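Chains: A, B, C and D, in written order; residue numbering restarts at 1 for each.
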Amino acid sequence: MNVKHYIAERAAKELKDGDIVNLGIGIPTLVADHIPENIQVFLHSENGILGVGPTPEQEHVDKDLVNAGKLPVTVVEGSSFFDSASSFAMIRGGHVTVSILGVLQIDEKGRIANWAVPGKSVLGVGGAMDLLEGSKKVIVTTMHTTDKGESKIVKESTYPITSERAVDLIITDLAVFSVKQDGLHLIELAPGISLKEVQEKTEAPFQIADSIINGTEVTV
Amino acid sequence: MNVKHYIAERAAKELKDGDIVNLGIGIPTLVADHIPENIQVFLHSENGILGVGPTPEQEHVDKDLVNAGKLPVTVVEGSSFFDSASSFAMIRGGHVTVSILGVLQIDEKGRIANWAVPGKSVLGVGGAMDLLEGSKKVIVTTMHTTDKGESKIVKESTYPITSERAVDLIITDLAVFSVKQDGLHLIELAPGISLKEVQEKTEAPFQIADSIINGTEVTV
Amino acid sequence: MGKLITCEEAVKKIDSGSRIMVGGFGLVGCPLSLVDALADSEVKDLEIISNNLGEPGRGLGVLVRQKRVKKAIGSYFTSNPEVVKAFQDKELEVEVVPQGTMSEAIRAGGAGLGGFYTPVSVGTKIAENKEERILNGKKYVFQEPIKADFALIKAKKADTLGNLIYNKSARNFNPMMATAADTVIAEVDEIVESGQISPEEIVTPHLYVDFIVLSGGN
Amino acid sequence: MGKLITCEEAVKKIDSGSRIMVGGFGLVGCPLSLVDALADSEVKDLEIISNNLGEPGRGLGVLVRQKRVKKAIGSYFTSNPEVVKAFQDKELEVEVVPQGTMSEAIRAGGAGLGGFYTPVSVGTKIAENKEERILNGKKYVFQEPIKADFALIKAKKADTLGNLIYNKSARNFNPMMATAADTVIAEVDEIVESGQISPEEIVTPHLYVDFIVLSGGN
């Protein structure tokens, strides 16, 4: 399986029956393909849809029906449409259960940067800050390192942060970290990945769950 | 004609084609019966209706369709229903053209009291303050004096005011006053009413329009 | 998902001392079956957020008569003389908020805002203890958001997921209250299959609704 | 009432230097016929409030290419490289507002509020010049309402009075913008007789709509 799909599949396992889920652009979008069959979740799109369905065949594309990435979508049974103010009231008001977002960097406190590049003028933020602030739970899905091999999980972010709010879970191609009050906790290694590799490729300090130290950690 | 209907009819003459109109309880409610046939106005009810129609016959009463006075109403063609927050957003946002309200007292600046009695605890305000604050134009319809013969148009209100905002026009059974920056201006006498009577029954000071002084004032 | 429960099961979730929003403009749009079930329960010391407190012995007026209401927040209580009497007898605490400010504050509660500035009530007795601020040359008062432990609302129709539509002027405070409480229980006249209400017509999307009860059901 | 006019008549009402809200999320729900008519007019120095500025040479992107836009307020301009270039060349002033804060600020403008506190953007670069305040132990930033001289919006259907309904995700910013401008011009695909849209379904009541134009009409 493609490594991005591996990350998406792992993230999908965090979802529970009845969850209201907002998926960001990139790997998060792929999560929709991996939702376990025994649960029903509802995809929220901040441009005003609850109940986003699969991508339509070319001949069924409706120009008035797109997701927040401006890509054509469909809707499922029981869906609803609403205006942007109502949509963000849902997000900011804590009515979205889980948001799964992409990132540029994550700092040692679990705060993320995913909207702006340092030194450049800011010309776009979209709904990133709203989702991070308002969602009950935030999961980050990302490649562990940049294309240049640099750790994306850093002591201090070199990019402007998106929110003071830390995310709850970080899922990469190498590992899963839980974010707690005292920082990052490595709770899971991807299949075939060693603790040593994660330690080498992670700039930020992190604690290691007992299950991994004892070698009893089992990949889900 | 009943004197209250006279006041209501006079108020109805202030309305213009296309106006969005909110009618308070009491004499204002009667205005609906006197809207000139050559204009179309739309009645707004703050409990969530645009396009209120006449009172239904008993057998057509719908318990879910009432006005802000909790009395059964109907709706006209092109009406719409909305929630209370949306309804008051219309009012506060200046989208209601004219509100016609009843009063307990009016002070010399044209500020009204119509919600509370002095010395007593306040147990109700409803939408009175919102309507007074937000409506583009506010017309007051009232008997000139109380049942005891005391002037309702006073120098200083003995009742708590409803808003710092002065009303625009005061229509009583005796006269019509326009409210300007410098206070009240008597602009019209009711048929058969003398300037002297209005002067005797009005506690607040007011200026007199030239047309009345010259005797050229013609009742509409 | 199974959001459908009985009125009795619904009120069992509510403890004494709870802060409860109840929809309706007087009796219109008030979830009367849920209120009746509350009246048959043992809960007391309730804080009720509702535009009014019903009529004597009707709607929320029943709870007033039973002395189950400790405090009421609303815009107009004068229409129920028993509320006035309970207040005078110091059995009931009352907080009066202008109707537009109240509906906006409930919306703000559901929308995660920290508060807002409204021009309504500036310079009046109601604003006496409120923060006043001049913005762009105009006076405003600060209003905090209003939230609750429970919202008991009334809709015309639900689908099985919990999407709601309302009936005429019975809509009033219900859609905002659906957004502003930890647990939202909707009383409806009819339940249809999911997909039977047009996505364009849905007023309250299902994410706001925790439980559904049928009017007259028990 | 006669709210129906042509796109040409509509844009004649707009002077250079106007502050204009334009509906849409990208091209979806953008009143493209009105934007085209603006492109054919002589107006310039416009201040545009819209989530984006279209795509290169499409939608509002046409006005950017024609250098008619002096300032833009929105949430995401990066998707049009010509906007980025115009900004770098100092031909275009840009103000970025988080999407939820922007939609709420437009709603607040239409609702007569003086501003509100939102937790979104606290502690970020975007909040650097904003008033921060702690309310009930949580940090918020103050946001002023957003209003405009004109709103150009897109709906699916109008009745002759000006009541509007929208289509799917093309609703987005349009209903709020309809409330927050001095003059509101709605571009629609279809006009029906008054009474042909259910009172329960109407999203924008006619009191918000000053003029109606037909999509593709001129």
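Criterion: contacts are C-beta pairs under 8 Å (C-beta built on N, C-alpha and C of every residue); 3 or more make two chains touch, one makes a residue touch a chain.
Just so we're clear, the structure is a prediction, and the values are computed from it rather than from any experiment.
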**OP:** Identify the chains in contact with chain B as well as chain C, in label order.
**Re:** D
Subject >> B-D or A-D - the one linked by more C-beta pairs in contact >> reply: A-D
Original post:
Which integer distance in Å separates the CA centroid of chain A from that of chain B?
Top reply: 56
Original post:
How many angstrom between the C-alpha centroids of chain D and chain C?
Top reply: 33
Original post:
Between chain A and chain D, what is the separation of their C-alpha centroids in Å?
Top reply: 30
**OP:** Measure off the straight-line distance from the CA centroid of chain B to the CA centroid of chain D, and report it in whole Å.
**Re:** 35
Subject >> Multi-partner residues of chain C (each touching 2 or more other chains) >> reply: 104, 107, 111-113, 118-119, 166-168, 199-200
Original post:
Going by the touch rule set out above, which residues of chain B reach two or more other chains?
Top reply: 75, 81-82, 88-89, 91-92, 133-134
Original post:
What are the touching chain pairs in this one?
Top reply: A-C, A-D, B-C, B-D, C-D
Original post:
Tell me, which parts of chain C touch chain B in their complex?
Top reply: 25-29, 51, 75-79, 83-84, 87-88, 94, 96-101, 103-104, 106-107, 118-126, 139, 166-176, 203
Original post:
Across the complex, what residues on chain C touch chain A?
Top reply: 1, 107, 109-113, 159-161, 163, 179-180, 194-195, 199-200, 202, 205-208
Subject >> Interfacial residue positions of chain A with respect to chain C in the complex >> reply: 17-18, 20, 40, 42, 44, 50-51, 75, 77-82, 88-96, 133-134
Original post:
So in the complex, which bits of chain D are touching chain C?
Top reply: 104, 108, 111-119, 133, 135-136, 138, 140, 144, 165-168, 199-201
**OP:** Over in the complex, which chain A residues touch chain D? Could you list them?
**Re:** 45-49, 62-67, 70, 75, 81-85, 87-89, 91-92, 116, 121-130, 133-134, 160-164
